[in-house]
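Take this structure first; my questions come after.
Chain IDs A, B, C, D, E and F follow the sequence of writing; residue 1 opens each chain.
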């Protein structure tokens, strides 16, 4: 069993906001992250796939193919977008690093057929990242 | 003459949009950067001050003091903000990396009194940055 | 179960020195790291907490709160300090990367009450880091 | 149980090429990575050893000694070399990131006698890396 | 006058070799960099263009357009190639970091028509880079 | 004229302290950097040499030779040392980033005979660095 990781990027706007709370409560909990005029990040996405290398190629999964899957299914839907209001698979998701990370796993997992999705790591800033392993 | 550089950060939302153009023209020129729902970045700001070190301290400018000036005059006004609509010194500025870089210089320069402001470098992504030297 | 990691920093002096050994033995084993006049590092600390995100916030633990806990309990006690002689929770600890890493876990673990401490990673240089998972 | 990681480097040439396939098939599968005139990378190698710190030294393994083992057994054999044709322990190995990572484990594992080899991570570019844990 | 920098990449093989010297002389001067079986690097290329931002766009040069020019004129010709034998504009150039940097300037300069090429920076490893300013 | 830069490292202890001031004054000006028990950093040193490449080698200066000069004249004297009390060329120098940067220039400049020393850049943390160009 070997693990292969591919990094991709997207730049997006978001805010942290619970619709069932008052604005005061949102600012109390989320601070400046609740700004109704949005803020944004350069997100880095690390996708890890595990499996046995194919003896003919030495690949668990072709990294170019993995890159295309991540771009088509994830990065193209998130890049230069507003995570709160424009992304089909984030509808009704409060876009914390943790929640977006898990939503990316659920979106991506069915498309990883060579090897098995092992980890989604989403880095929001150089100081904060989340990881999800599917359970 | 020695040059001292201090790095600070801010995370912000923006869009590239020329108000005098149609939406079609904006998308043609700016592509996905024109998204009306915004996108955002982790901006890194490198401020370089030049001067002769004070013989008593070895400092051109105390780096803690420089950090405080950058935070008070620049980063606190930009962090977790929308660069198009919330920042006093960016009013009527199309927030390209180049324009924001120059606007930061103009805002910051009067407050650098120990040493002289030499360069404002603004990094928008790991692939793009702008620099302004005041002329 | 999601994992959230927060990075913090501290700059400190130390030396590697076993009090029960002669100076010769210390230099033989630790080389220049045994220098009695000390040396130092920019330490990077990565704290990983695991848990289920709170449905109201999307957070395992508020990253700002996590940052405050790490600063108060760990970084403020280590930053700009001498690890051999000034830190209460490193008394009688030979400050190798491994030992400091484990000591930080023991110090921090009781204060992580939202989520559960999963990993302390301590990076001493760009070439060396230690990780401890609590057992 | 604590985990200690040491980073080392090597710069090497390689190509992805299955000798049992036609050139056309190789280009179809490996694209420009099949270039018969080679290409190359700055590889970063992260070796993780696990164990209990020695009470006398605070070390699982002396990081200087670990560095020497990695250099002698691995990096000196790969640095400024052609991975397809010059490395004894890569003979008949298609040098994908996955395969080289696993071959490094098999080469290195017998020499780690203080502590136990836990992970070999091989980073080929800033966007791709493989990890092997020995099973 | 503002300066805009765009980063691109290419991975390539090369060797340092003076055709007019004996193999012994080449190994004496270039050491392992003279290996006849090649070695390689992940090169990072930083292209800096200077000019006044267009009032309509805020751009010296559209960074997407700059990226396309660098890719078409430079990176596509160097990526996954052998710098000694496959690159038209490096024919008869000893591919040291310095010489490749200068050759990229000469190749790229005529195509930068919005703004003016200011600097080509070519990073060969994390420890070595060259810069050329056109004179 | 091409510019070649080589990076080297050293880890050292220091404190900021003006001997002619009281302890109170030192703490008022330098804050925690005045700690009498020292603190330390992982310093990164970037040495830039300018010149015309030798037609026979493509080098301004052989980067391996440059590395040896920097190590012998600078890094070996600073690595794992106390900058306030152990370094001959820092005697009576208050070891601020600015002052150490300039002292390194003066120490190194006579030994750069292939090409001409252009810049010494000394990075103390990821947020602070100084540069000196010799005048």
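Everything below uses one rule, namely that contacts are C-beta pairs under 8 Å (C-beta built on N, C-alpha and C of every residue); 3 or more make two chains touch, one makes a residue touch a chain.
A quick note: this is a predicted structure, and the numbers were derived from the prediction, not measured.
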Other chains in touch with both chain D and chain E: none
Shortest walk length in steps over touching chains, chain A through to chain C: 1
Between the pairs C-F and C-D, the one where more C-beta pairs touch: C-F
Distance between chain centroids, defined by C-alpha means - chain B, chain D (Å): 41
Whole-Å gap separating chain E and chain F, where each centre is the average of the chain's CA atoms: 29
Length of the line joining the C-alpha centres of chain D and chain F, rounded to whole Å: 34
Junction residues of chain C, two or more chains touched: 126
Which chain pairs touch, all of them: A-B, A-C, A-D, B-E, B-F, C-D, C-F, D-E, E-F
Chain D residues touching chain A - in the complex, by the definition given at the top: 16, 18, 20-21, 29-31, 93-99, 101-102, 126-133, 135
Residues on chain A engaged by chain B in the complex (per definition of touch): 9, 11-14, 32-33, 35, 37-42, 79-82, 85-86, 125-126
Chain A partner contacts - residues on chain C that touch it in the complex: 1-8, 53, 56-60, 62-64, 67
